[in-house]
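In what follows, a single structure is set out as structure tokens and then discussed.
Letters A, B, C and D mark the chains as written, and numbering starts fresh at 1 in each.
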């Protein structure tokens, strides 16, 4: 294999038949994690003041790594299977969603080094959290998951409609009962809906709660029904997720068996997987 | 098909064999949603003051749409299968629950335009939330759901009885332990029951909580048992819902197959569904 | 059937083969519910002052009903199947747990009428909540439920041990981190355990929460692990409950079939059940 | 059997084929529980002052019991099956993780008796909570559980990644919307993440919550998605736990059957188990 082929196999997530990450991919995953953590921490004013130079240095390093990765992906793009000239394959990568994300991440990673204006810096720092979208490349699971959920979208919609009607009943009741007593919390249905959602999901911040007997009876009903009704979409989503995971395991198993038949996997790999 | 037949097929939810909504139904669903959202938002005093004229205009439009729908339904009622004269079928629709709801929604939608008195307006605006009951027409799922839950009503009753006995024990214990220490929160069993329900469902507003060691031990037991016991009806409801959804999918499948046998569906539809 | 036989069949919950309640049983269930609700409401000082005479009157009525039921049970006890003289059967009922509960409930129901001392009255009123134990007679489900859970007691114990070790780790960590910063909330491990339980069960009153970064990381871990670990016993209890309910339904089915074979059920009943 | 054999069979958890604890093991379990409870309670300053001498006395007793157990384990170690001299088997036990824990627990149990310095005493008392690690010996379940979860680690990782990306989105949104309005709660992404975790897990302390309309819409989405997404790993962990328990029961059943074939179990035991 020449350098371009090695680079392509190291960079491309689907290149290994058994679904494991290559060494280069593992390095990239850790750099992305480090970049996201740095982006998160740098929004804390106290932390930013104390480690200002180190953060800038880290951002420079992350930017260079991401730039090198982007250049390598463009260089190795012609190795992608399918027809088309080297140039058209490179352009296709650069215009693909993942290619555009790569470029945007490089720009927002380098930006803090050149920007001195504090307000602009704050926005750029927040934008740097998008680095996490680079993970999109590693989520074969996302697509299957989305498909599995779409299949059950009717069930989910029925559940959410039921839940919303119930929320609206609860919120209207409390607007009626305590609207004049606690105008801040229940003075309108949108306000009462905030209370209803927070009670329904059993979060219960305590910023709004009924204080009359009638309101508490309604509140109890909302809390109990919340526990019962919220469980329905949960069950649906859990079943969909479990199906998608099962599907994925079978896909990997099939790919492994095919590869073994073609003799692509050496004995060591086979022994490890069985 | 003449106009009356077209109207009937466009309006009637069960007229399409595959359970999908007709174009007119989709328009009506969105108008109902818009009417409910307007009704909710108009209870917010600030919002109402700023957009007063626009809200009145929207209510006028919604009222006209609902009036036209009501007139069309009465006009198309004779197309309903079964014996009886055109007049008797129209009267039967007007006296059916869905027909009465339609009329009430029209009245409360037009009312804000003619009412100037602020207190009366507030009541009417709240009542306009009943527009959501027009959705009753689209919920074939509701009936099956209700039946599935009724079948397991004994299990649910046992669960709720267990939960209530436990809640009463917890509330009595805290009334006994902290009744004199925190009279506002635990000064009577009904008050302690409010605390018990909010702890049991893990909402936990924080408006009432035990402060003594004994009370905290009881509170911990109530919280832990809550997590365990509340899960039982959840499982029952989730299983009932899943059964009802499965049942519904089979019904639609059967209806589709029957229609295909009779050659009612054209090839395009069949290809889409399989 | 003579009067004693009719009374026995009306009073005894297992006398009807299909598990439904007799007319007399339904009346008794409603009187017990009314007695418990009265007992609960009478602990609210405001309510007690306003309806004092009505509560006393209701308690007198409940007491007379319970006394009559107790007398009828003693009178009808000899109808119970099995060997032994009428007197020994009556004594056996009076000394059985349910017989003793019946007597205690009668005493605490009549007590408020004869007691004038406010402090003593408060205790007696609280004790009247035990009326709910009379429901023990109607819970064939309780026994099966308890057996089903006992079978899985090892699994439950392992779960609870895991959860407790985790709670202790969390509580110790916060005692270490914030013990000196918030002595009221985390000044000792027992205090920190209260916080840990309330976080673990996702109740979250908000009377105690970490304020340092390290404390918040530990708190996040406790909350996330709580959601994961608390679900385990929930699953076990739910499965045990579902088994017990299934078992009960099969038992009733068998009893019905046996009764049908012996021709004990008339045609009307059979038609209703199938 | 000589004394050393009896001691080994009494001490060793796996020595009894049916998985039940020996008498000596039961005594040890209760002493460990008592030691942990004493360690927990002694961190409460009020309690420690009042019962200071009794706590010291109890610690002395626990220390002697643990010392005797440690000595007995070393003495009985040569009974362990497998090759090796008595001395090498004893050394192997002393250097095994469980042997080291035993020694450490003895040291921290005796320490409070010799230490007078209050600050040092506080640290030692906290360390005494490690006594709970002695339970490690009784958890054959732990190992199987850990293995079952490791098998599904990919599913869990995907879930946690999804949840984290969602948390980050919610936290970034609120940092953007309310960062300047509530700097204490949402002034940086790490702070907003604390709010997001506490809302996501439905704990909801109420120390931080959105107050603007936009913030509340985001907060509602985080709460609802939390209920849905947190359920996924829960389902995975519950299934893994259920598998591990099933596996364990089968193992015990097999061991019992083998023992019965070899005639090791007397009739009384067999009758009890079937």
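Note that in this section a residue touches a chain if its C-beta (ideal position, glycine included) is under 8 Å from a C-beta of that chain, and two chains touch if they have at least 3 such contacts.
These numbers were taken from a predicted model, which means no experiment stands behind them.
**Q** Thinking of C-D, which of B-D, A-C or A-D forms a repeat of its interface, with over half the contact pairs identical?
**A** Residue-number overlap above half with C-D among B-D, A-C or A-D: A-D.
**Q** Once chain A is fitted to chain D on CA atoms, what angle does the rotation have, in steps of 5 degrees?
**A** Answer in degrees: 90, to the nearest 5.
**Q** Check A-C against A-B and say which one is joined by more contacting C-beta pairs.
**A** If we tally the contacting C-beta pairs, A-B comes out ahead.
**Q** Just grab the chain with the largest centre-to-centre distance to chain A, centres being mean Cα coordinates.
**A** C
**Q** Indicate whether more than half of the residue numbers at the chain B-chain C interface occur in both copies; give same if so and different if not.
**A** The interface of chain B with chain C is built from mostly unshared positions.
**Q** If you average the CA atoms of chain A and of chain B, how many Å lie between those two points?
**A** Roughly 32 Å separates the two chain centres.
**Q** Rounded to the nearest whole Å, what is the centre-to-centre distance of chain A and chain C, using the mean of the C-alpha atoms as each centre?
**A** 45
**Q** Mind pulling the chain D residues that touch 2 or more other chains?
**A** Residues 190, 202-206, 234-235 of chain D each touch two or more of the other chains.
**Q** In the complex formed with chain C, which residues of chain B make contact?
**A** It comes out as residues 155, 158-159, 161, 165, 168, 172, 175-176, 187-191, 193, 199, 202-206, 209, 213, 216, 219-220, 223-224, 226-229, 231-232, 234-236.
**Q** Chain C touches which residues of chain A in the complex?
**A** Within the complex, chain A touches chain C at residues 202-206.
**Q** Touching residues of chain C toward chain B in the complex: what are they?
**A** Contacts found on chain C: 36, 39-41, 43-45, 47, 126, 129, 132, 135, 139, 141, 190, 194, 197-198, 201-207, 230, 233-235, 237-238, 241-242, 245.
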